[in-house]
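Please go over the structures that come below.
After this come two complexes, each holding chain A, first together with chain B and then together with chain C.
So, the complex of A and B:
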């Protein structure tokens, strides 16, 4: 399987910039997710890769072949759409046979490959059904089989699970991931759903307003968000802004002081005294205590705060807690209820505080 | 409860009968008139009935009675004309509709509006003017002239309907075909056209019926040399109600036939998928 490389891609619609100076390398056999809010340019990029849109400038290489100007039918790219895009006037078999006929695959061989493709998406025996006779999940699996049966060198998926209900969506994430790994097909997956991206991807590319913001494995993206947008977009994060007051002798930990004189210990890696930073703290790393812990352990961050409000989410309760001028989000299990207005103590380890250049 | 249900049912039946009368009543009158040989006041129904007028109208029997009309010539003119109009209009409106539906073209709204223009003005003045032009061009009173008039009238609907039909085909369905290796033409013929077909067929039927029933334009441009069925109906309705009824029924037959076809075809389940 070839790798895919996007080099300095640009696309505008009128005056609106859809994609700007995008450089992205998708490795051989990798599934890369392009993640971002709607309007971030992810679908535009995907359509450029598929050949359905022409970039204004920049190059697209599949392996070492330049495909920037190749028409879509000559790219050999499998494409899966959000709304399935099955042909309603053809049976499942005919939908799958279409691409094979165009490739002049002999009938018997084509029939075998269609059988294999349908078995792969667990839809054997559905050959003679029409799309309207299938559920949404089944239709999307047929669409996947249709894209895969031509043995494309690249698989593109445009929000393929967004029209399915939550439970099915969860199952299908794993299914798509497994299938992709089994076939080892280089894939680009577009979504706005961060949970989907975290589960599915080898690497995630975060796009924002047409620009590539960060590329990395799900762990890297989650634990070391490159900027405030990424930190806020992936998972829940509370932000605190301040200035580095001091860095300890070993250079391991820094003390960051906010304008309202809170002092927060953070892992220092690369911080310089005097530098302005934004600290990002994930709710799951914050411990909520209802009494002041005695003795307080030196080196941990401990702050008194007041519960502003809580939201019951079923598995946890999500609280907003006021600390100084800041609002931190933290969770408790559902058997521990806190009342709005209640005084609490928040503690979190300095290692869990990541910093983002302000 | 029993009486209440009985009352509701009664009201339903009465309403249904009234509705049937409303729809089929006038047609029933036509049928009775077309077979009435003798029908004088105060009789509620004809005293003597028979197929004489039908036989004469269809040219099976020659009668020397005043006002006896044979409709076969006009019927043939009407049918040939309507079929030609359908062929030409569909050949024109299909590509035009496709382009209007699928491509970003400047002044799209204006172009669509332009197609509506002939219908935007009162018909008579338009056709009177057209008669002057056509007379100069030697088209007045010719089959070609009438054909052009019918094209003008029908192209309007056809372009609008086929634009809508092509618009209803989601572009993802075409893009999927492209990505699987089909070029533009193949995608059009294998995917887009079949999916737009119900709409295009409806348009064709509509064009056929419009041409078959077209009156004003044919009246000004065609008469007296090109007489379609509606012309014949008009000229006989004044003094020979029996012949007029026969012609009216003959004109009704294709309409009813096509309604049945449309209804059956548009029910075909696969178009249910188009709206995805």
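So, the complex of A and C:
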């Protein structure tokens, strides 16, 4: 399967910038998720790749072939839509046969490929049903089979799970991932759902206001966010701003001092004394104690704070805890209930503190 | 102490009240004026005209002699009416599909301009259209003169357009905009993704029209076809002013002719009944289609 290359892609709608100077490489056989909030340009980019929109400038390459000006029907791209876009007047079989008929695939061969595609999405026997006779999940699987049956060189998925209920959505994430890996088809997946992106992707491209802000594996994006937007968009994060007070002799750890004189140890890689930084701390990396740990663990950040409020989330309780002028979020299991106003001790390892240039 | 009255159910579902006579009849009373008007202004004349088509002046008994006369004198005109209605509706349908596709898929100023002016013929009455067409299609009218300018027509022997050709042209001109309006409303209801999905699979424009747009807006298209067809069959002014008493002519002209010159309401009613029959097939198709569609939607 060919790789996909977007080079300096730009697209405007009137005065509004939808995509700006976008450079992105999607490797052969990879599933890349474009993740971002509404209006970040991810769907516009996908539509440019599919040929449904023409970029104002920039290039799109599929393998070595420049497809920027190629009409959609000649790109060999399989497209799965958010609303499935199954033609309601056609049966499942007819929906799948459409692309094959246009490619003049002989009837017998087409029938075999349709059978294989439906088997792949576990919908054998549904050939004569109309889309209205299928559940949302089944419709989505037909849409996937329809995109795959033409054996596209690139699979594009535009928020394909967003119309499904939460449980089905979770199941389908794994199914799509499994299918994509089995076929080894280069894929671009658009979503605003971070959990979906983390589960599905080989790599994630984060878009914000039409610009690409970070590309990386799910682990990289989650653990080493490149800026405050990424840190805030992926998972829950507490931010603390300060200035680097000192860096140890080995250059491994730095002490960051806030305006209200809190001192936080963080992994130092690349930090210089005097540098202004924002520290990002994930709630799941913070331990909450109701008493001061004795003896305190050397090298661990330890602060006293006051519970401001808690939110019961089913599997955990998400607390907001005031520490100095800052509010940190931390989680406990649901069997540990803390009361607003209660004094607690927060501890977290310096390695778990990510710094972002302020 | 409680008691149960004889004849009343011993138990009643909670929350359900027995409906009094007033409550039962009130909906019917409210419907009465509308139903009454329909019966008086539509059903009575309709049934009466069918009934009278079996009567002959001076004879009391029901007879088929009006229909015999129709078959002897007007059979050609019945087919002519049908041919004109089918042809003009079909041509207008094709043009309206093309126009609606252009307006649905196109963008830009020209599309917006055409989108706002194409509706104009809808607001022009048939009599005005007839007057326009009489001038436009006359032997030395604007069309022939224009064609003569480019050497396609010899004005010494201009082609006669005030016949089925002119009538079809006039009906198409008049119905096209109306049909486009209805077809376009159907096309507008189709989400872009259905069209984009087809295009991404390799569908060319004609395949998008024939395999996606038209089948997905069958209901609108059927309404447009049926309304245009029935209106064409029932129009009097246009054929009367364009081709008048020439042979063949349309049923409506024949009806007017029968009444005006012979005072023969029996044959006129028989012709009217035949016109009903011609359009009733389309109504039956439409009702069957909508019933099937309702089942299909469930």
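In this text, the second predicted complex is superposed on the first by the 358 of 358 C-alpha atoms of A that agree within 3 Å, B and C clash if a C-alpha of one lies under 4 Å from a C-alpha of the other, contacts with A are read in each partner's own complex, and residues count from 1 in each chain.
Heads up, the rule we're going with is that a contact is a pair of C-beta atoms (placed from the backbone, for glycine too) under 8 Å apart; a residue touches a chain by one contact, two chains touch by 3 or more.
In this text the structure is predicted, and so the values were computed from the model without any measurement.
Novice: What does the overlay on chain A give for chain B and chain C, a clash or a fit?
Specialist: These partners clash in the superposed model.
Novice: On the A-aligned overlay, A:98 touches which partner chain: chain B = first, chain C = second, or both, or neither?
Specialist: Once the two structures are laid over each other on A, A:98 reaches both partners.
Novice: For A:77, is the partner it touches chain B (first), chain C (second), both, or none of the two (neither)?
Specialist: both
Novice: Per the contact definition in the header, classify A:131: touching chain B only (first), chain C only (second), both, or neither.
Specialist: In the superposition, A:131 contacts chain B only.
Novice: Thinking of the overlay built on chain A, is A:87 touched by chain B (first), by chain C (second), by both, or by neither?
Specialist: After superposing on A, A:87 lies in contact with both chain B and chain C.
Novice: Would you mind checking which one, chain B or chain C, touches more residues on chain A?
Specialist: Of chain B and chain C, more residues of chain A lie in contact with B.
Novice: In the overlay, answer first, second, both or neither for which of chain B and chain C A:41 touches.
Specialist: A:41 contacts neither chain B nor chain C.
Novice: Which parts of chain A are in contact with chain B and also with chain C?
Specialist: Of chain A, residues 50-52, 71-75, 77-79, 81, 83, 85, 87-89, 98-99, 102-103, 132, 150 contact chain B in one complex and chain C in the other.
Novice: Along chain A, where are the residues that touch chain C in the complex?
Specialist: Chain A residues touching chain C: 50-52, 71-75, 77-79, 81-83, 85, 87-89, 98-99, 102-103, 132, 150.
Novice: For a test of understanding, state which residues of chain A touch chain B in their complex under the given definition.
Specialist: Per the stated touch rule, the residues are 50-52, 71-79, 81, 83-89, 98-99, 102-103, 130-132, 143, 146-147, 150.
Novice: Please give the residue numbers of chain B that touch chain A in the complex, ascending.
Specialist: 170, 172-173, 175-183, 186, 190-191, 194-195, 269-274, 276
Novice: Can you check the complex and tell me which residues of chain C touch chain A?
Specialist: It comes out as residues 191, 193-194, 196-204, 207, 211-212, 215-216, 218, 296-297.
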